[in-house]
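Each of the next two complexes has chain A plus one more chain, namely chain B in the first and chain C in the second.
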Partner chain A sequence: MAGSGKSVGATTWPVTLATVIVLIFLLLPTLIVIPVSFGSEKYLQFPPREWSIVWYKAFFADAEWLAAARLSIAVASLSTVLATLVAIPATLAFSRGRLVGQGVARSLILAPMILPHIVVAVGMYIAFSRWNLIGTLPGFVAAHAILTLPFLFLTLTAAISKLDPSLELAAASLGASRFSAFRHVTLPLLMPAIAGGMAFAFITSLDEATVSNFLSSSASKTLMKKMFEDIDFDVSPIVAAVSTLIIVGSLLLVAAAQLVRRLAVRAPRPAATLPAARTQAKAA
Partner chain B sequence: MMTNEASALRGRPAALRGGSVRIEGARKVYGSVRALDDVSLEVAPGEFLALLGPSGSGKTTLLMTVAGFEVPDAGMITVDGRDVTTVPPNRRDLGMVFQRYALFPHMSLRDNVGFPLRMRGVATDERAARADRVLGVVGLEGYGDRLPSQLSGGQQQRVALARAIVYEPPVLLMDEPLSALDKNLREQMRLEIKHLQKRLGVTVIFVTHDQEEALVMADRIAVLDKGRLVQIGAPRELYEKPCNPFVAGFLGETNFLTGTVAGRDAAGAPALALQNGASVAGSPAVPLDEGARALLSIRPEQITLQAGPAAAGALGGRVAEVIYAGASTIYLVDVGTGAPLNVRRPSGAEETLGEGTPVRVTWRASDARIFPAEA
Partner chain C sequence: MAAATANAAANPRGFGPRASLVLILPVMLLLAVFFVLPLTGLLDQSFRSPDLGIANYVRALGSDLYMKILLRTVWLSVIVTALTLVLGYPVALTMSRVSGRMQLAIAVCVLIPLWTSVLVRSYAWIVLLQRRGIVNEFLLQTGLIDQPLRLLYREGTVIVAMTHVLLPFMILSIYSVLRSIPKDLSMAASNLGAGGFSTFRHVIWPLSLPGVYSGVLMVFIIALGFYITPALLGGPETLMMSTLIGQQTTETLDWGLAGALSVVLLGLTLLLVGLFGRALRLEGKGI
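Up next is the complex of A and B:
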């Protein structure tokens, strides 16, 4: 939003107006949960007659809600890290190397994004129940890493294809080993894409309901599963409060990824020792 | 700019010592394409060698085998006597400048130039000092904190050069480093790179498809075609004594005339009988039998035109077109052998011959080269 504000001067006002209308249309239904969450009644009410934070207090006092939130955040963090650790080498191998069966492997990586989640969920449920992974942290992490891998893979593939391959050759000619070239040249240049992909993967995992629904047990459920249950059995404004928290969290995450992107573009840190070094060089 | 370079250089203990490079029987095949076909050549310490050829001639592949990015299927590469044929690029200790500079966009110029020093474990302070000094050598003193994106193409080129010489490699490899620059800057950079190379004493292997660039910059030129080394020698030698029609045509402009070898002319020079009945003199690149089909090459600026009809048996023609090109004027002369002869004369120094003027066409036998006609 802040970014679009700057470019208003460059566009004509009908375009601006249309953009604003579309944005309102897209955002309003989502944002309506925010005022609803600050109501005081025991049911969802808009606009609320009285303002309060009672439902936030209720959320933070309820052990079951907190456990679900903790599980979701743990699953999202771990699965994002796992998927990133797989995605980086996989993308490098796909774009820089010549692999046997590359097309098949690519399709397998992207499959969770293309197949209906319910199909993936049923398959995982059958496999995971055999391995006793239902309702366990490793089970959730493995499932979500598979689901978020395509997003990281695609983001990184796009970023690598924009990198000039001669940068790595230049690094090698200047004495860098393959690993040094990756660490000092490729990785920093991919950092904005990695940050963006990770933020996206994290949110995707947090938001995932279908597979989580199958993999949850009565003792161990994710936030989304808990929200669905809550809506089914007893619609309390806690759901609105949780939604608001998720919106704010997601926005902060996207902002953080954007910040990494900006910092990466500006990168260089001036060497503190320079002025002294320069005079020494002249004296010598 | 030059004064900056000179003052920065004075702080240096000694000029770089150039290394020698030896390529023996290098072969490289990609599928059915022979990128390198038994190429052997030597580069002396401190020499500037240009690898010249059209695209697909193998010049870049040859450079890449020296750099270590390609391993030849057969043959050997040595640098200063050390066999480096299978040594990975990062352990060859050579400098390389890429076509599109390949500066690291996320690093300041100081960090870019300091990168090879960092890879060699040089401490941060010394790294910065040496990077700044070399930036001064290439005329970018005080630019250390900038990012590559803040520079013009010519400046980026200088940074790439600085980065490739900061660790004082014995050999500097350059892959068409000037091709991305506009014409004026390219011509200026030619001389700057040449002067810098002479001052540092570094050996340079320079890939180019621009024959003028090769003539201006190189001590010797190696002409490649279809993966083979066709001819290697000083620019003057190649220009004046090309070994075959390909070299004659690729290096500078030339006219080709076909005919049969017909004994010797009045001055004792071997003569060529043309289809139009005229006989012209030249010096054969290889011994030729009388009656053999042959091709004569003569440079536009080595042809003399005189107004008037030609004697029987001598070459004559008619001026078909006059093109004024500033310092010189180009005459297209129809001599009745197909394509008109391209003749270049200094503008103003001689009388202008109008279009349609009958002219006598002559040249010195030593200026024309006769090659066997290719089958």
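Up next is the complex of A and C:
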């Protein structure tokens, strides 16, 4: 391995240089808001002349910002739960069932990921205006559940395809019903994927700005809508403080999800050797 | 898909057609009411608001202004896609060549932006580029300029920021293919006397094409309908389809025209997916 790396190493310094430059281009603008948020003056400075946390204090003292944050967290939690509850049975139908019109159903579930978000947003805005769902919790939750569905579905489908169906078969031959085989064998094995998928769905909902922008009302807006308005109106350093909180929060959640997944992979799994050997044989 | 069918076939105790239908019913109901109905409503608006007919489409496709905006949208998307490919490929290549800690470090650098809100990242560009922003302050202090430059609300700004936002998708698409190319192949090529570049050109590049196609299609499609970044960083001269549709919906309240423009954008996207959709590898995106 090390040898193969070295043999091409001599000719790759331009690639390495390009990689370093591109990574700086990726990271720097993303993280610049963090030092800026700790400035003390009304306009943004880098590096700040004086470090302070006034903008964080201002955020936590502002009722409108707090309401937006609470709404976003509620929407992200509920939409993640809703999407998971419908995605699990759907995944089972796809990978353990015989489904008529599988291709159409799959395209429909993945469509929110591919179709332009502006079109989805405007379509929902017009429909939800008629149904009086603009600026309401059910409206936000339904919209975000649909937008996070493709991620959950793909994560779960990938995870279930790695499970060996013979485990459920074994449970069934020992007298378990189909439901109890699912409940006691399949579901526990899927738990890490479900937890990971839910963490990512939560962040996707929290960060979603296009649809939220259209579905918010002046009385009830998500954090992203509130940020969008503040940025458009007057770039106050509170937005930098909120951005920092969101970046740190999202990354902690992603790290936690990855950790859960790693731990689950390392933990000994029942009958792990036999299915693994069989998959390898199939691949060969 | 193939794996799913194989699983079902290998598992005689799997769910039958009726049970499968019950299992998929909740998700289909949710999508039918809150996704399909709103989209068909948009189609309905485009033909009926304010009068029955194709007047909105005549307006959308017959106007020089809207045609210019459509062409600009396609053009900007092409540039952004090309930029992400040129900038993303070396990163994906390096990521597939190194291992252990280095690989993790690069992955973290790519994933942090991916999991940071698009809005936050667009805002970061405002912090950098506004009149009293970091770039202008720096240039003023070093004496390179004596008047702040107008860096925001320009086409170039939108291109740079969109490239920044979409770059991780391209990198991960290409990387997912590159990492599956056996290392022995480039070793064999160099054993046979091929130089580094020749190995790349004749072995690695052709094998990585599925990842390139997938990344190009993904980035281009997202770019076509991208709203947040052009809305925040663009000005009146950089109006794109997405910002135009948004304007018609909430400012002009011309839902018929917004519907027709949406259908045009949707049609363009579906056409691309229909023609090249096989190249799209959605599995494991961003995770």
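The criterion applied here is as follows: the second predicted complex is superposed on the first by the 237 of 284 C-alpha atoms of A that agree within 3 Å, B and C clash if a C-alpha of one lies under 4 Å from a C-alpha of the other, contacts with A are read in each partner's own complex, and residues count from 1 in each chain.
To be clear about the criterion, contacts are C-beta pairs under 8 Å (C-beta built on N, C-alpha and C of every residue); 3 or more make two chains touch, one makes a residue touch a chain.
Since the model is a prediction, treat every value here as computed from it, not as a measurement.
In the superposition on chain A, A:Ala172 makes contact with both chain B and chain C.
When both complexes are overlaid on chain A, the residue A:Val185 reaches chain B alone and has no touch with chain C.
Of the two partners, chain B and chain C, it is C that touches more residues of chain A. Touch criterion not met for A:Phe140: it reaches neither chain B nor chain C. Residue contacts after overlaying the shared chain place A:Leu154 against chain C, while chain B stays out of touching range. Applying the stated contact rule after C-alpha superposition, one finds that A:Trp65 touches neither chain B nor chain C. Comparing which residues of chain A touch chain B with which touch chain C, the overlap comprises 166, 169, 172, 181.
Chain B contributes residues 11, 67-69, 88-96, 98-100, 102-108, 110-111, 115-116, 118-120, 124-126, 128-130, 132-133, 144-145, 147, 163-164, 167, 173 to its touches with chain A in the complex. Partner chain B is touched in their complex by these residues of chain A: 164, 166-167, 169-177, 180-181, 184-185, 188-189, 264, 267-268, 270-271, 273-274, 276-278, 280-282, 284.
Within the complex formed with chain A, the residues of chain C that make contact are 1, 3-4, 7-8, 10-17, 19-24, 26-28, 30-31, 33-39, 41-42, 45, 87-88, 90-91, 93-95, 97-99, 106, 109-113, 115-128, 130, 132-134, 137, 164, 167-168, 183, 186-187, 190, 195-197, 199, 221, 224-228, 231-232, 241-242, 245-246, 249-250, 255, 258-259, 262, 265-266, 269-270, 273, 280, 282-287.
Those residues of chain A whose C-beta lies close enough to touch chain C in the complex are 1, 4-5, 7-8, 10-12, 15-16, 18-19, 22-23, 25-27, 29-33, 36, 43-46, 82, 85-87, 89-90, 92-100, 102, 105-106, 108-128, 142-143, 145-146, 149-151, 154-155, 157-158, 161, 165-166, 168-169, 172, 178, 181, 196, 200, 203, 206-207, 209-210, 213-214, 224, 227-228, 231-232, 235, 239-240, 243, 246-247, 250-251, 254.
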